[in-house]
Each structure stands twice: as structure tokens, then as C-alpha cells.
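Chain nomenclature is as follows: A, B, C and D, assigned in order of appearance, with residue numbering initiated at 1 for each chain independently.
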């Protein structure tokens, strides 16, 4: 099959699912709706694999013109290269697994068809985002995924207790994303102004030809792009929406808020690598923002009691890690972590979804415990996910994190130290979560315990598959220590046909340092694991109630009071300002000003009315008076002339 | 052109008379409150204007102005007819021909 | 020269009788004085050789309209007590206003270029019936015919207005 | 020509149609007009100008592709208004039908007239029907609010009339082409004043920032159909006037003088309207301020006189019509069924009326100008134009995206989601469903292929003016 046809089919399939489920979903049986959506995404995955195997060089597929003015052309066209195909693989692959999972998870939900409609729309938007050959199509996808994210977060808007909170969380996500979108929009304007095109390749070529472009313009363009990335990828200062976004159904959290959409910011940066390379200052900003995010988010995750909130902060933290890598210019490394993170974070979220499903919508880990026996598959896969994210040796997370640490050690020791701290905290909160959930005694009461069950095959199958991927994902990009031939496959793959990446080379540390680094990281991870085992499983330490928290614990549990600060600094003044100009300026000053004007005219009219005495002789008198004045004026005018 | 000494036949004499008539009419309209006299004063003013028109008509040797005077008279006749009948009507209602009594339009 | 004297006398008489119209207390007298004024104005028309207008003025104004006024006055049967008079202050103001109007008009006249010029004797045939008749039935024939409609309207209006109505508005 | 007179004929007939079939009559009349105009467009060669000249001095019509776009828009809007109100009581009134058709006649005349005096006459002609509609069917508790609208527009019109008289007096021309050819620039400062008169009239109608106070109250109290007419098409008269008449004619020092003041006002309006909308409790008032925000952007971008921007503005004008019909329809439906528009009394409608919830959501997203909708193309390029003209302006204008999200989501979520505060809510009537569907399809089609409008309009907008 021709490549362009494959690509169009790839895009059309989720759209088809969206259309069919959206239009007829209500009338179709659930099994058809679910399997249709899943099947279509899976077919898309197969198509993506065929693209992947036949990939050589970059290819542009032109669909139609959106805007065609003489100097300015904006096309709906798509780009097939290593980067976009890789992202497509992740999206459709993980996507189909999560679709499969949702078939089981959402089976009792009344909005079943709506859920799959949105999910397919999301897949379509996300594919647009990564496959577009210019920033405009990317922006289409960018806003599209934001919209889907909003719809899916506020999916349970009908819920009696949490309905409003859910929809408010969706709104928060949408608005925060919109702030980021404005950044992207501004970047697009500047790019249009600078290069008069939005095509990646054309901009890239222009940048290469004209090396004098460094400096101010590039700084502002990349900074705007980075602002966009902070919005979508939940970095400081725009990260607070992601934990709230956990209000959505768990598969959504897995797909959108862990594996795919939040990595859009990373994708954007990698895609624009040639621009970022010219703006070292932006890269520094990115580095330190990422660093701060990874550290603070890990800290906040330490004392969360909601199983999904822990994972959410963990996601923010991991995303920060990726930005650190980007800040060093190690694009492939960041993307490698995106890949492994997609595997194990999707696994963790789905695992937590399985737990929640089994626990009948209970998310508080204080009410769990001892689930290992009740849900063996979930337990085992969750353990693998936890080990992968914590960096237990030879699992996928170990390799991808290690690459980032290596970059940090090479460039900046301070960053390395902070990263070690963050990574340690990651291991701590993940194992805390794991042990509190699956070990110890069940704390949810006997009534609930009898109802807890292992999930069905449609839910466990994705878990198992993802667990396998989490274990072996690291093989994609082995460090060049032992298997020289197989090492760095991913680096080569990406830089082979992604514009700009062949120019950038990652640093490779010497053998001894590398080994030392790995050993140290392994030691930390394993040490934390043992400590957590002793502390939570053996000693039976439990999550404390809110009142019993000490100073730093309270800070962590209350998320450093960031939400409250934002509320006080941004939201409240905006509302007050709105009230002020709405009530004072608009009503009192402008409208009442107009009324006052009208009153003034009325008043003066009343005054002049008194002249209308009703006596004919007085009218005559005034008429004559006017006549006199009139003639006198002309006489005077004449006499002045003479 | 003759000199200004031939005052009797000169243009400005007739204009002077016309102005004076008009002024007298206007003063009468302002001072008198009898509606019929008021109407008469208006006739007086109309005649003043007529006189002026005829004067200029003769001066320029153009008959159009005299036709206008003719029409003025026609209109004056109609006006007097309607005006007087209004006065009769008003008198019937208020038993007075004092113009100041008729200020109902004011409020 | 004699023409001048005649015209001056006529002019003074016109103004004097016009003044009497305004000044006389009784409306009947005013009407009589008004008729006299019209006579003098007619005579001035004759002096300007506007014969047609002179005749029309005589017939329409001094004849028809003034008789109408007299009729109405007699119909209303006003006695002297009912004669309303204005306040003194208003009268003075009226006289001042009128006077200044007159002054202003005279001043305007003084400044114009036609001061002291006489009318053209050679063209004084335009006021004759023949000339005006020609004009009236050619150039102004439409307007002339329209006047008849005006008269009918005025007639109907007058009859309607003067007709004694059943209910009398208080 | 028949195109223009058709609504007038229908309008006159509508007075004699019995009340019980007047809604069907209105629907048929607007459908016929719309169909006729579609046929006319299909026979129309976009690069040509149709000129209808009877040899009378002030009666002269011409139609080009821009005019045709607006005519089509007008006819579609009226069709949709009749369709969407098919289930409400207002269309049972033959007075409404007749007045609306009369107004349609005025609008069509305005969009096609070729003489400046005709422009003024039709401009005023549209005011009378809408005033009567508001007066008869509106819920104005105080006559003052209604009078405010009326007088405001009249003052603006008066200024415009003065300018028109001045323009005709100075150039001794009154047709569009002759005015275009006239050398307005040679009048110096006079041309600035003349343009100011036009701008005042337009600023009241659009409305721009300090002249907007009539808007919120009028929109809130007006019957839904009236609000739709006002917002969807009447305001567009001013933008059309700006685009077609004033900017080309006054090209030169007058436009240079007014450009940045107007852009500033537009910009203030964008932010001001959006910020106020955040805290509004009344749905229609909220949408009114949102409208202020959206139209400020179009007006500001038009002043740049950039060829492409003008084309995109037309797309955005169409989009705003779509959005305002949809949103005010939604607000009207809520008001009609529940008797209130106060947000704090509403909640949970989506649960009771899922179809309404869905379509309202679609329209909300259209108005948020997410991709795949016309609004996205419009806002993107308009803000881009402002950004290229002046960086800071563009940045300020783009805040509308964020603020828009805040108030629109509030306007959608509060009544539709959350705890149920209502007892029963009748789901959409078929006519309302049809309107929502048509609007959504149109918005998405334009979002993907804005070129169909821009190419069409380009024939009349890209000619060099001087």
C-alpha cells in the first residue's frame, strides 16, 4: 500500500470510529461500540507498524490547502518521519490497549458510547498533532486534544456529589491549556513573521541557511513554544491542572494524562529542536523549570493519599525529568523516556484503574491494603510498573532514567544532585503506594472486602502486555557498554530521519563513570525498595490521617499550597477586577453616565418648556426679536465689510 | 436714473411705507388681545408685504411679483375665512375672544 | 413734483389710518380704519400703475374680507367691557420691539444700493390687466387653477367650523 | 433586484396572513428568499459586478461577491431565525413575521445599494422594524433601556448623515464607484471629520468599547428572535459598511488618523467584554459581553486594511453570526422552558435533556474557536494580523482565548452540569435541532475550507483602491 494512503487511512480510522459511535452509538449494543472503537485503533496501530517498517527518509503527504493567499500558504499536510511514526506507534499501540481496558472498566457506565466517541476523537486529534507537517496542523491537534481532555475529565458531570467538581476540574485543565495555547499561538505568529511559512522542513532549511538568526527573535519564539509546552506537559507554573484532571475516568488518565497528551510538549520541543539549538538561554530556562518541577512534584507526591493523585504527581515529576533532558539538548534521550514512561505509567494507571474498579470506585489508599491476594494479576503487574518507574535495574525505567542522569552528570553536577534527590523520592512514594495498597491488612471493612474481585480479561490483558513492555522497553536504547552492536538503536533510529536530530549528538560517558553511575542508581533504588518493604510491609506503617501530619508532610499533602496561592494571586483579583469593571465602570460610570446625560437633556428641556408660555403675543415678541437680531447681524456684517 | 430729491416717486419711499405698515401691524399683533383685531393686524402685515412686492415689481418691470401679490390676496381671503370661523367656534366654547385664554396647548 | 406731494400725503395717511387700526379700542372702528388703510394702499398701487392689483385689492380686501370681518363682529355682538387689553409692560415692550424692528429695517434699507432710485417709467405697463392676464393664464395657470381648490377647501372648512355643533366642549 | 424586493413583498403579505399560519408563512417566505439567492449565486460570476440602474438618481444597486456573501448570510440568518423560533410563541404573531421580513428587505438593500444616500436610508430602515420588535415583544420593564438603544443608534446615524451630506457636498458624487475614485485625501482634515462621523455610527452599532452600554441590556430584555437578529446580522451592517464603504473611500490620511484609536478601542473592548462576561449571572448578558469581545477583534483587524485580513474578517463575520444564533438560541431555549436565565438557578440540564446538552456543547466549542471550526481560522489570522502590526496588541488580543474559555465554559457548565436544580426540561424540538445541526456543519465546513469564502470574496476586495 502506498504510504500516503496508509497515512490517510491511519487518520481516517479513529475519525470513522468517532463518527459511527457518535451518531449511532446510542442504539448499538455496548460490545459493538467498544470493539469497533478498539478494533479501529488497533488497525491504525497495524498501519503504523507498516509505516514503521517501510520507513526511509522523510515524506510529506499533502492533503489540501486550508488557506492559500499569494505569499502565504497553509496546508493540511502530513509528515512521515521517524519521530512522527514513533509517536504514532505509541499513541495507537498504548491507545488500543487502553481502549481494550476501557471496554471492561466502563462496562457499567451509562455514557459508554460517548466515552468511546471521545476517546476516538482524542486519538484522531493526537495523531493530527504528531503527524502534521506544519505548526498549523500541529495546533489543530494541540487544541483538539485539549478539547477532548476537557470532555473526558468532566465526563462524570452527572455525578451527584462530584459532578460539579469534575466539570470544574475539566474547566481548569482547559483554561490552563489555553494559556499554553496562547504561547503556541504567539510562537506561530512570530514564525510566520520570520519565515512566512509554518512547515517544519521549510523553517528548518531556512534556519540552516541563515545562521545569523540567533538571538532575540529565536529566544522569543522558543520561549513561547516552551510556554506552550509547560501548559500541555504540566510544568511549573501551569502544572496544577494535571492532578485535578484525575477526576476523569482512569483509562483517560492513563491515555491522556500519562502516556500521550502530556508528552505533546516534549514532542513539540523535539520537533522544533533546530530552533531550540539556536536559543541556549531558553534551553537553560527549560532545564531549570524541568528540574524544579521534577523535584517539587516528587515532593508533593510523597504524602498524597489518593491512588491516582500520587500517580499524577509522579507524571508531572517524570515530565519534568524529560524537560531536564531537553534542556541539555538530549532530544532522543527525552523521547526515550517518553516511550518507557508511556509503558510503565500507562501500566500503573491501568493497574490503579483495576484496583479502583475492583474496590468499587474507592480511590483512597488508606482504605486499601492486602490486595495482593485478592487481585493477583493486578498486583503483579503493578509491582513491575513500580519497579520500572523507581529504576530497579534492567527494567525499562532504569535505562531511560540513567541516560538522563548521565547527561546531567556530564553537564552540571548540581543538576545531577537534585535529580538524584528527585529520583530517590520517586522510588519512595511509589513503593509507599505499592505497599500500602497491596500489602498489610485490608482496611476497607468486611463488607467491601467480600465484594473486591479481580478484573476481567479485557482489563488484565492490557496490564500483562504493558508489563512485558515495561520490562523490556529498555532494550530499545541500551547504553553502549556491553552490546556494542545493539546499543543506542533508538538514538540512531530517531536521528536517522528526523530533521535536525542528526546534528545533535548525545554525550556518552566513559566506561567507568557509566558503570559507577548505574551501580549508584541501582543501589539507591534497591535500598529504597528494601526500606519501604521494612517500613510499610513489615512494620505496618500506615498513611497518617490529615491531623497527624508533621510540618513537611502537611506541605506535601497540601501540594505546597500552590492552588491556594494561585487562587489568591490570579483568580481572586481577576474576579474582583471583573466585578469592578462590570458593576462600577460599566453600569455605574458608563451606563449611568448615559442616563445622566439623558436626564440632563430632560432637565434642560423642562427649562426651555417654560418659554412656551402659550401666549401668542410673547411668541410674536420673540419672533420679532429674532428677526431683529438676524437683520442686525447682516447689517453689521455688511458694515464691517465696507 | 433720477436723483434722490424726487422723494415721492422714489423706490425707498414706498419701501419706507411698507416697512412702517409692517411694523405697525407687528406692534398691533403684540399689543392687542382681541383675536379679530389680531387677524386684522396680520392682514395689515400681509398688505405691507404686498406693497413691497408691487414696488419691486414695478421697479424691475417684471410682472411675476404682481402675480404673487394676487396669490397672496387669494390666500389671505381663504385665511380670513377660515380664521374667522375658528374665532366664532372658539367664542362659542369659551365665550371670550381674548387670545390669552387660549393656551390649552401649553400643558 | 405734484406726484411726490401726493404720494407723501397718501403715505402719511396710510400710516395714520393703520395706526388707528391698532390704537382704537373698539374693533368696529378698527375695521373701518382698516378699510380706509386699504383704500390708501389701493391708491398707492394706482400710483405705481398696478391697475389690476388696485382693483383686486379694492374688491377683495376692502370689499369682501372687510365685510366678513364686520359680519363676524356683529355676529359675536361684543360690548366694550369684553375688550381685553394687554398689560402696560407688555405694551411698552411691544412698542420697543416694533420700534427697533423698524429702525433695523430702515438701517438695512439705508445700506442698500437701490437707495434713491425710482422705478422705470418706460415699463410701467406691466401692471395692466392685459399683461397680468397673459401671465396668469400661461405661466401660472396651474397655480391659478389650484387656488380654486384652495377656496373650496377654505369654504368647506369654514362651514364645518362655524356650524353649530351638538356638544360643546367645555 | 427581485432578490431585494422579495422580502418586502412577503412582508406586506404577512400583514394579511392570519395569525395561526403566520409562522409557516414566515418559514416559507424566508426559505424562498434563501433558495432564490442561492440560485442567483450559482449563476453569478464572482469577478463581475452586477449593476441595477433605473436611471433614478439615488436608486442604484450593484452587487459583487462581497455583497452576495452578505446577502446569502442575511437570508440564511432569517431562515434560521424563523426555523429556530418555530416552536416559540413569537412567530405566531404576524406582526413579528411582517417586521422581520421588512427588516430583511432593509438589510438586503443595505448590502446591495450603490449610492451612499441609499446606504443611509437602508441603514435607518432596518432600525424601525427591530425597534418595534423589541417594543412589542421585549420584556423591557423601563422604556428607558429600549430608548437608550434607539437613541444611541440614532445619534450615530445622525453623525453618519452629516458625514454623508458633507461627502456628497464636497465630492459632488454619490455612487460608490465615483466616491472611490474621488480624491478624498485632498480635503485634509475635513476627511478625518467625515470619517469620524461614519465611525461613530459604526462604533455604536458594532459596538465598540465606550458606546456599548445599550447592548447588554437590550440583548437581555429582547425576545430571543430579536436578539438573534440584532446580533447575527444587524451588527454586521457596521462591519460591512466599514469594509466596503468607509475604509476604501477614506483610504489615506483619514484612515491613518483613525486606525490606532479604533484598534485601541477594539482592543479595550476585547478584554473589557471578556472580563465582564466572567462574572455575569445572566446568560444573555454574558453572551452580549462575549459578543462585544468578539466583534472588537474584527473591527480592530479591519482597520489594519490588510488584504488577507479583510478576507479572513468576512469568514469571522460569518462565524460570529453562526455563534450568536446558536448561543442565543440556547439561551432562549433555557429561558423559554425554565423562565429564568440566572446561572445560579440553573444546573444539571444535560442530564434531563442530553440532546440539548450535546448541541449546546458543540456551539460552545465553536464559539471557543477550537480547531475545525470557522472561528479558529478567523481568530488565528485576525490576531496574527494584529500581532504583525504591533506585537503588544497581538499579545493583548490573544488573551481573549484564555478569558473566552473562562466565561464560555462557565456559561456552559453551570446550567448544564452539576447538581440538578430543575424539574423538567423538554428536549429539543425538531426545528431547533435542525438549526443547531446546520450551524455546526457550517462552522466545521468553514473551519476546514475557509477558502470557499475567501476566494469568492477576494474578487471584490482585492482590487487596488487608489
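Note that a residue touches a chain if its C-beta (ideal position, glycine included) is under 8 Å from a C-beta of that chain, and two chains touch if they have at least 3 such contacts.
No experiment lies behind these values; they were computed from the predicted model shown.
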Any chains in contact with both chain C and chain D?
A
Far-end chain from chain D, centres as C-alpha averages
C
Contact-pair count is greater, between A-C and A-D, for A-D
Could you give the separation in Å between the centres of chain A and chain D, each centre being the mean of its C-alpha atoms?
36
Roughly how many whole angstrom separate the Cα centroids of chain A and chain C?
97
Chain A-chain B separation of Cα centroids, rounded to whole Å
92
CA centroids of chain B and chain D: separation to the nearest Å works out as 58
Can you list the residues of chain A that touch 2 or more other chains?
617, 621, 624
Among chain B residues, those touching two or more other chains are 26, 30-31, 33, 99-100
Which residues belonging to chain C are in contact with no fewer than two other chains?
86, 90, 93-94, 97-98, 101, 105
Pairs of chains that touch, anyone?
A-B, A-C, A-D, B-C
If we count contacts the way the header does, which residues on chain B are in touch with chain C in the complex?
1-4, 6-17, 19-28, 30-34, 36-37, 39-41, 43-44, 47, 50-51, 54-55, 57-64, 66-67, 69-71, 73-82, 84-89, 91-93, 96-100
In the complex, chain A residues that touch chain B:
612-617, 620-621, 624
Chain D contact footprint on chain A (complex, rising order):
64-69, 72, 76, 139-141, 143-144, 146-147, 150-151, 154, 157-158, 160, 163-164, 166-168, 170-171, 174-175, 178-179, 181-182, 185-186, 188-190, 192-193, 574-575, 577-579, 581-582, 586, 590-591, 594-595, 598
Of chain C, residues touching chain B in the complex:
1, 3-8, 11, 14-15, 18-19, 21-22, 27, 30-31, 34, 37-38, 41, 44-45, 47-50, 52-53, 56-57, 60-61, 64-65, 68-69, 72-73, 75-76, 78, 82-86, 90-91, 93-95, 97-99, 101-102, 105-106, 109, 114-120, 122-124, 126-127, 131-132, 135-136, 139-140, 143, 147, 150-151, 153-155, 157-159, 161-162, 164, 168-170
Considering only the defined contacts, which chain A positions touch chain C in the complex?
617-618, 621, 624-625, 627-628, 631-632, 634-635, 638-639
